[in-house]
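Read the structure below first, then the notes.
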Amino acid sequence: MSNIFGHLFRIATWGESHGGGVGVVIDGCPPGLAIDEGILQRDLDRRRPGQSDIVTPRKEADRCQILSGVFQGRTLGTPISVFVPNEDARPEAYAEMQTAFRPSHADYTYQAKFGIRNWEGGGRSSARETIGRVAAAAVAKVALTELLPGLEVVAYVKAIHDLDADIDPATVRLIDVESNAVRCPDAAMARQMIERIKEVRAQGDSVGGTIECIVRGCPPGLGEPVFDRLEADLAKAMLSLPATKGFEIGSGFAGARLTGSQHNDAFELRDGRVRTTSNRSGGVQGGISNGEDIVFRVAFKPTATIAKAQKTVTADASAETELAARGRHDPCVLPRAVPMVEAMAVLVLIDHALRQRAQNGLEPKLTAHADT
Amino acid sequence: MSNIFGHLFRIATWGESHGGGVGVVIDGCPPGLAIDEGILQRDLDRRRPGQSDIVTPRKEADRCQILSGVFQGRTLGTPISVFVPNEDARPEAYAEMQTAFRPSHADYTYQAKFGIRNWEGGGRSSARETIGRVAAAAVAKVALTELLPGLEVVAYVKAIHDLDADIDPATVRLIDVESNAVRCPDAAMARQMIERIKEVRAQGDSVGGTIECIVRGCPPGLGEPVFDRLEADLAKAMLSLPATKGFEIGSGFAGARLTGSQHNDAFELRDGRVRTTSNRSGGVQGGISNGEDIVFRVAFKPTATIAKAQKTVTADASAETELAARGRHDPCVLPRAVPMVEAMAVLVLIDHALRQRAQNGLEPKLTAHADT
Amino acid sequence: MSNIFGHLFRIATWGESHGGGVGVVIDGCPPGLAIDEGILQRDLDRRRPGQSDIVTPRKEADRCQILSGVFQGRTLGTPISVFVPNEDARPEAYAEMQTAFRPSHADYTYQAKFGIRNWEGGGRSSARETIGRVAAAAVAKVALTELLPGLEVVAYVKAIHDLDADIDPATVRLIDVESNAVRCPDAAMARQMIERIKEVRAQGDSVGGTIECIVRGCPPGLGEPVFDRLEADLAKAMLSLPATKGFEIGSGFAGARLTGSQHNDAFELRDGRVRTTSNRSGGVQGGISNGEDIVFRVAFKPTATIAKAQKTVTADASAETELAARGRHDPCVLPRAVPMVEAMAVLVLIDHALRQRAQNGLEPKLTAHADT
Amino acid sequence: MSNIFGHLFRIATWGESHGGGVGVVIDGCPPGLAIDEGILQRDLDRRRPGQSDIVTPRKEADRCQILSGVFQGRTLGTPISVFVPNEDARPEAYAEMQTAFRPSHADYTYQAKFGIRNWEGGGRSSARETIGRVAAAAVAKVALTELLPGLEVVAYVKAIHDLDADIDPATVRLIDVESNAVRCPDAAMARQMIERIKEVRAQGDSVGGTIECIVRGCPPGLGEPVFDRLEADLAKAMLSLPATKGFEIGSGFAGARLTGSQHNDAFELRDGRVRTTSNRSGGVQGGISNGEDIVFRVAFKPTATIAKAQKTVTADASAETELAARGRHDPCVLPRAVPMVEAMAVLVLIDHALRQRAQNGLEPKLTAHADT
């Protein structure tokens, strides 16, 4: 069950960083949606290695094949199987991983859990696994557009190391995110970030950062208290991504330092709808979307793989040793993590949209009588 | 499904803040465990209202009854039903909630989702719902002690408003947490926090803060990549608690500002086991526990209910109005949220312990040969 | 998880035959439905002991209390907790069950699985557990009527021992089922069945039989291939009832003895809809309802509890012994099993109706152009 | 969710009869098991078309590829993806299916549910979908042998049309099942069955029958009351197979015609264990295995596809028409359904074995003191 996500729009991802390939089976997708490989490829290309000079140079076209569930360009309502072969696998480059645990990687914990691990390039713990998520989310986006027209998800790099971008979540556009290699829509700061990433790579080091994500146009009513609150499912979705260390929504950790009178979002009537005058709630109240923008942030640690030598122990736990990475890797995961964050947000939203339709229908339950 | 939590140790909570009561059904509990109402009551008493002069004065004994699943003092392996009647319900005090949406509460979103809501005291969105979680976790603790002897969970208040406590997670003890009303084991800071809470209450205001939680003695191997990573399930569990705005594990958001060489946890051999020399991972690597202390933090917003007048709209969305709380409420949720955080951590751990036993057994998979 | 049923309309039942009581938590019920205890009680009364002279004389009013989820007579969309106290418990009558395993009961297997059992009256394996199912189904019926107006479920006794009733599934009415104590709408045969049950009881014996169930007015489209086919979920639901030994739909086991040309249901256009000229499919094709009547049968074994002495072994597995039942019991479970079969059918249908609405909406997908 | 089966050993099947292929993702498999494509192929070959002169002549090698989850011949504990390409697809042969609904097939119901269908050869409702189940079960068998050594599953044809075989479930061997094309271990009857199948095929007709399955060596304790009883999950598993109409366990429908004193299985002590002197329970009591042989039967209807002309309606529901099958098909599904029944039984058993290990451990809970 650990490789299956979602309750109604359900995905099962599979594959290791080296081996036959990676993929996903999508179960529960609504029928009749116009889907083809090009739609998936657009998002896979935003995630793939080798797309710029600040990401890993591993050469993978990440070309996807849809093997089932789509007939004459339309989804059938039956499982959609997507397959992406591995191409530029160089297991030989990972020989030393066979004999020693890489610090802050999953080598040791996989061994401790399963008693066996695929030591070629991280195996299942590789970010390559997220291909299935991104492909599934490309399908989910089409479904979401059908169910909730006007809904839009935009993620972007908010901070790299100690460099913080200045971005207005209310107006940021995908085109601005995609306008530079680091996926930070603050163009001036993006240049500094790219510089910083190149610097730390040159030093054999790596760097972390924060991604912010905004969902605009989400109607009130999504989210299922008490356990499957919208923010709870978003938190789980984000923390299931490799290298994540934190999640916060709306005011987040900073909000914990305010008083109630500073923090509360007053209600008002605007354009015939119940709206809030501020948005420290981050678009969710009591676990349910309130119609305001959903805004959350995800912390990513610096890439664990670095060229500098590090202390570790051998894979048979018999001796201490040193390890310096030789394989190809990202000096900073954030540029490629932007489409991953977006994908997980989309997967949470489609699932909750279907759950909402199941129990409550998708029609608004509260019609405002705005005559103030 | 939204009121059911867990995959193998599964709980279904029910009840509203006013009405017949609240409770929980626990499914999948191992048999033969020594359980009685006293064990549950100890934790329920830590959660209940009226326990000190800085929490809500609502008078609820929160006396629990075990209605099934325990026979002659032992769990049967069949569902354990726990019931706590509501006693000091004063629905009349909530009359104005019927006619206006409380800012930053769930009144509006419940109405928008379901088209109906129980406006007596918050209904299902009340923190009273967490009684079922705390009762279930008291049972889960006994099961966990059986499965993973030596495992220990301690949560405590780390910060209130801008007051930050100085606590060593490695050594903090439950007895120190319970030694004061605010549940902060830094005694000097606890006094200031209590003072602060009384001050804001006197001003008709409220205040937020941060709770830290530590899990000691967790063996390597718990957590199910890729979606049910231990930190992902912890994040979901915590964000499913009322008033939470953020979750971070190990280095958290601060870790995003480090480089890889600063952040990575080097491995060493210690006492015949693979250990790390630092713990910025927070006890979890690749979604799986690594045997180090699991450390995470949860941000709570200031209580939404405040005595100060606030702008809002009427419940039929026809007019703007003002609202000032008259009901009993906590000026700060954190003291009572400590056992809730602990409970959710325990529920995640028991579920993962059972999942680990199912797939991999609970015996260590990696025996160290410590001859360095 | 084993005490939780359903994917969207989810119920968690709890309780043993002796102890505090039995009950159910219903999660995922649509909001706004008119529900009160009287609606539940009507079906509980059809299930309860002591209702006629051919069922167990145990005195239980089975009076239900709704503890949550209903506000001012309407469902809230939050969990509905239903509680039925045990009243006429006589654990002392079961003392000998403590020391010996009753043949063809669950005493031995519970002990073998859990290492412990509640030996008072069958504990969790008692048919008393089905109170929660019947109560939940009473709620589900109201939801189903809202979602799929015109849908109707009728179950009845088709055979007792070697006595087979002659009933037309297409026209049988609930009022005819309820017109006699054995719940067989063939009045003449019902009299013989009642006579037979009294005879076997007088002999210290018991008797089995078959229940048939019909669902009329189910639209095409319910059922989720490939694993959650409508007949698969019905089969599971029925075989989860105590004392069941078989399930068949439409032509069933007899259909296995036909040729394809005898068995196939030809399609025709009737009243502007696609219809079949026969119904050996039993209303389901490819796992999905086809709009015809859904017809299935469930085999119940004779009650295991009999007054005659039987060979068995002691509960510590140390010696062979004999056992003759003294407790109150049903000489034939079928009269009281009729509402249980109906309840499980309803629970399967509401779940599939909600699943269908989630993925496909509930509007017809195929409009016939009946101009033949 | 409808294409995902199992709670801990979970499979997601995908694919249509025509298109890229079919496959399965297996999640939750224990690590360290010796698996290769040859092990899967053995069972796939028993299921594949063209294996004898009484099954469909469609030419499919059904050659499987393991794309993930196995490393150096051992399972990793991560998802195992299995892919079988479609080869001998002749969509043109199915052109008439585009324009008319085949009687007693899923053409109409898929259209009614989804508003779209893949009309090439049955699409998702094709028995070709069961390739994924058989492949997954081949893996599950290896896991099951590890967890419950001595457990053995044997399925065979019990009846074809009105021809009933005489087989002793206690002693029947796989080698006898596989000794003839119809998979009936009663050699004399097998010859008649083969003859009968050829006759009905010559007449442009088809024929149904019954498969019996026996599980030997299953320890007491498997099965999860109340909803996931072992027989309930077996019933669901079997009724999820194409063309099934009924399921019965132990005495089944015939048992419903007995009295309790005839039906009950007396307990005795044998070889130091609690055993029953008869097995009308079919190896399961109260939903839990009792250590006796598990015996159940599954009814299969005659193949819906027949060469004889049949009345039906057009796919746009505008007119009545006639249809006679031209595509390749099985005149009787049972010979190829034997490995499918076996596969589904294995998948239920491995899931329950893991669930049992999770909650109760796999060690016997009741040690007999056989001193009679």
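Descriptive notes on the structure:
Here the chain labels run A, B, C and D in written order, and each chain numbers its own residues starting at 1.
The working rule: a residue touches a chain if its C-beta (ideal position, glycine included) is under 8 Å from a C-beta of that chain, and two chains touch if they have at least 3 such contacts.
Since we're looking at a predicted model, the values are computed, not measured.
Shared contact partners of chain A and chain D are B, C. Shared contacts of chain B and chain C, meaning chains that touch the two of them, come down to A, D.
Look at the contact of chain A with chain B and you find the same residues on each copy: over half of the numbers used there are shared.
For the pairs B-D and C-D, the count of C-beta pairs in contact is higher at C-D. Using the average of C-alpha coordinates as each chain's centre, B ends up farthest from chain D. One inter-chain figure worth recording: chain B and chain D are separated by 45 Å, centre to centre, where each centre is the mean of the chain's CA atoms. Separating the centre of chain C from that of chain D, both taken as means of CA atoms, is a distance of 26 Å.
Multi-chain contact residues of chain D (touching two or more other chains) are listed as 1-4, 7-8, 13, 28, 31, 77-78, 113-115, 124, 225, 355, 360. Remark: chain D residues 1-4, 7-8, 10, 12-16, 19-23, 25, 27-28, 31-32, 65-69, 71, 74-81, 83, 113-118, 123-124 touch chain A in the complex.
Residues of chain A touching chain C in their complex: 7-8, 28-31, 77-78, 225, 354-355, 357-361. Residue ranges of chain B in contact with chain A, taken from their complex: 1-5, 7, 13, 101, 103-106, 108-115, 124-125, 129, 159, 161-162, 200, 204-210, 220-229, 231-240, 242, 244-253, 255-269, 273-274, 276-277, 280-282, 284-291, 299-306, 308, 310-313, 316-320, 355-356, 360, 364-372.
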